[in-house]
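Following this line, the structures themselves.
Okay, so subunit A shows up in both of these, paired with subunit B first and subunit C after.
Let's look at the complex of A and B:
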């Protein structure tokens, strides 16, 4: 399941920052280091939640700084 | 105005229903090209049809004579409305045209004025429709790009302009008002260059229907061809036809343009602006007369020196009548005149700026474009251009632009 969520996040990230490509996204590099600003990050979370149809406040994801961290948090929320 | 602070136009960019870019728009004006059609919307299981000067969808940034990094930056703009994209295109065309790409001008000495408010209605409507049942997933970008300053800010980011910037609105007179604001910023010595941009005024179905309900927009009568509906100053006029246009003028102090040896298209020689002290959409000849007289006075001219008037000329019954009365009251009987809206429709907040560009093109090229559909003029006291473009040597032109809410503006353009 995590693999699918990671794939979704990476796809969304590339959509938001077209300079990235799916191959160049590192799962443990911070979003900031990959060129995302705070709005890009907010959009990434929103888009991912929308595509998973998961209604969780964006505030719950403040701590997620990397693709892996965001995927883990989402799985945690989904299981709640 | 201090010597040297005269305001010249040193660059232009434009998108209209009949031509994208100044060169193609010039050809279209000369040939009297039109693109009138019918726009159809479905809402509440009903079809709504409106006349329209059909716009051109695809403007390619690659055609512009600019550094690829600037083009790529413009292409990379995400969550940008059609309105703001058109403004960006025109700004980049004007920037290149004015030779500013490599001019090395201090970015603090350049300001941006965006003309028009509520210009992104159609794009915002798409976001709102999408979020209607799932508001919690609203895209965070909406939180800042719904402002009418988005176009101005996008241009500042691409061109690295760091003087002041704002959006200024005067309803359908916004374009002229933007130019007037630019003149003030240069005339006061605060800036050397002001980029005045008028993005598309996009309409959502609600504005289309609002104008129709108001009786301002022409309706399609049974058996009427779309190309016959827009008829400024013709006895058969019955309201305006919408057409999407955008434009940009680079205004520059004469001293600054001379220092960098730029030839200007023309000079904004004077302007007048006032209110009728009324809230509604009704025009008032007295206020229009006052605006033109104020413009003449500030340019130090008499009515006899005016060679050409680019009318507001929307094809509204009351509006056309008031404008003719105002022209005559100013002493402009017999002046050569046309309505650019007869060819490209009414661009609303962008109209004044696109029509100023139309003036400058005609003055440079030495012709006056046709008045489409002017078969039986409502007045014989104006020298209307009729079914054929005429050659003309124009030294001074008046560009009129009036807006709902009693707004009157007039500017004088000198070749």
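Let's look at the complex of A and C:
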């Protein structure tokens, strides 16, 4: 399950920042270090939640700084 | 009955800065700066404060009223997070320098950037209540952010390029020629969140990422509540234009994009076209002034009225968000006459008239800003420090801040 969520997040990140490619995204590098500004990071959370049809307040994902962290947090919220 | 904005004007200072240049100097990541949609910001001069800005915004409105009309102003509300005193309201100074009738309520309202909407709704309800028919309320939304030091935290922060200075003044009455509010069409959404705040005077604190996400949650949920209260309301077909609180343009674009996907399942190209048509006119002024907090939602409305196409009456949807947090989605009607009347104020010319500061001049403002801390007891303002900017107010009938004498603020007309 995590694998699919990670794939979705990476796909969304590349869609938001066209300069990135799926191969260049590191799962443990921070979004900031990959060149995502504040609006890109917010868009990543929005798009990912929308595509998972997950109706959870966006503010609950503010602590996620990397692809892995965001995926783990999503799984945690899905199981709740 | 009708209620809304009878007259409206802005005052966004005498000096501005190119924020793309600033971002470069601060080593911000400018590769993706373009999607933040920031262009310029007003930089407060030492002789400008939230009171003088408020007076300068309201003065042309008051000047056009007859004495009898002026005497019908029953309340002056300042809406702000830049208050100059915990007890005394800025409305008292503004009332004094505008020479208004003393049979008048003078108050100040806050909840971060939501303050303008809070004051606006309070004024509307006073009109709707008809306790004093034919009376008017002067609402002054005024905020300022004075930078006084550059420290490590600013290296990666977009707070500096995004914050501005300015005021929006609105006369609220039962003759809403500029903006006729849809009565009862309000969706609110608020909860406790520690996003951004001013826990100590003269300083912003908090988590910008959290604030962005909270804005997005509120924008969606305030509109959902609006839909519950307004039968048949649709995010696209009900509003010809949208004017949102604009901390920076990219925030509004992001919120609109999310709403279009959530409410309309819209595709990317459709969202972009809709943004250009319905939202972009609201950004023109906000992009040049920066975030003026409590005044920003109504600055976006003024921009829409001036820059939209109103060949027939059209509905504008407004969204206000204030950190902490409180938010509201509401709406009203703008007509060709609204545009004609607002254009008499020539707001674009006012923004074009600001002096563009060099980076050195901008940094020089930091020292003098440092002297103007909250709670200053005595201070004389040297208005000759920035002669190029000052020449943009001198001789134009503007009010300037000149002195603090035993905590009392003193102003003069120049």
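The rule is short, and it goes like this: the second predicted complex is superposed on the first by the 80 of 80 C-alpha atoms of A that agree within 3 Å, B and C clash if a C-alpha of one lies under 4 Å from a C-alpha of the other, contacts with A are read in each partner's own complex, and residues count from 1 in each chain.
FYI, a residue touches a chain if its C-beta (ideal position, glycine included) is under 8 Å from a C-beta of that chain, and two chains touch if they have at least 3 such contacts.
Note that the coordinates shown come from a computational prediction; the quantities given were computed from them, not determined experimentally.
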Superposition on subunit A - do subunit B and subunit C clash or fit: clash
Looking at the overlay, what does A:46 touch: subunit B (first), subunit C (second), both, or neither? both
One more residue to check, A:37. First (subunit B), second (subunit C), both or neither? second
Partner chain in contact with A:55 - subunit B first, subunit C second, else both or neither: first
Contacts of A:20 with subunit B and subunit C, given as first, second, both or neither: neither
Which partner, subunit B or subunit C, touches more subunit A residues: C
Of the two partner chains, subunit B (first) and subunit C (second), which one does A:8 touch, if any: first, second, both, or neither? neither
After superposing on chain A, check 117-125, 261-269, 369-377 or 387-395 and name the one in subunit C that bumps into subunit B. 261-269
Which subunit A residues come up in both lists, the one for subunit B and the one for subunit C? 39, 42-43, 46, 50
Provide the residue numbers of subunit A that touch subunit C in the complex, in ascending order. 17, 19, 32, 35-43, 45-46, 50, 57-59, 61-62
Spell out the part of subunit C that touches subunit A in their complex, as residue ranges. 29, 31-33, 35-36, 156, 158, 193, 195, 207-210, 212-214, 216-217, 250-251, 253-254, 257-258, 261-262
Can you list the residues on subunit B that touch subunit A in the complex? 76, 78, 134, 136-141, 144
Subunit B partner contacts - residues on subunit A that touch it in the complex: 16, 18, 39, 42-43, 46-47, 49-50, 55
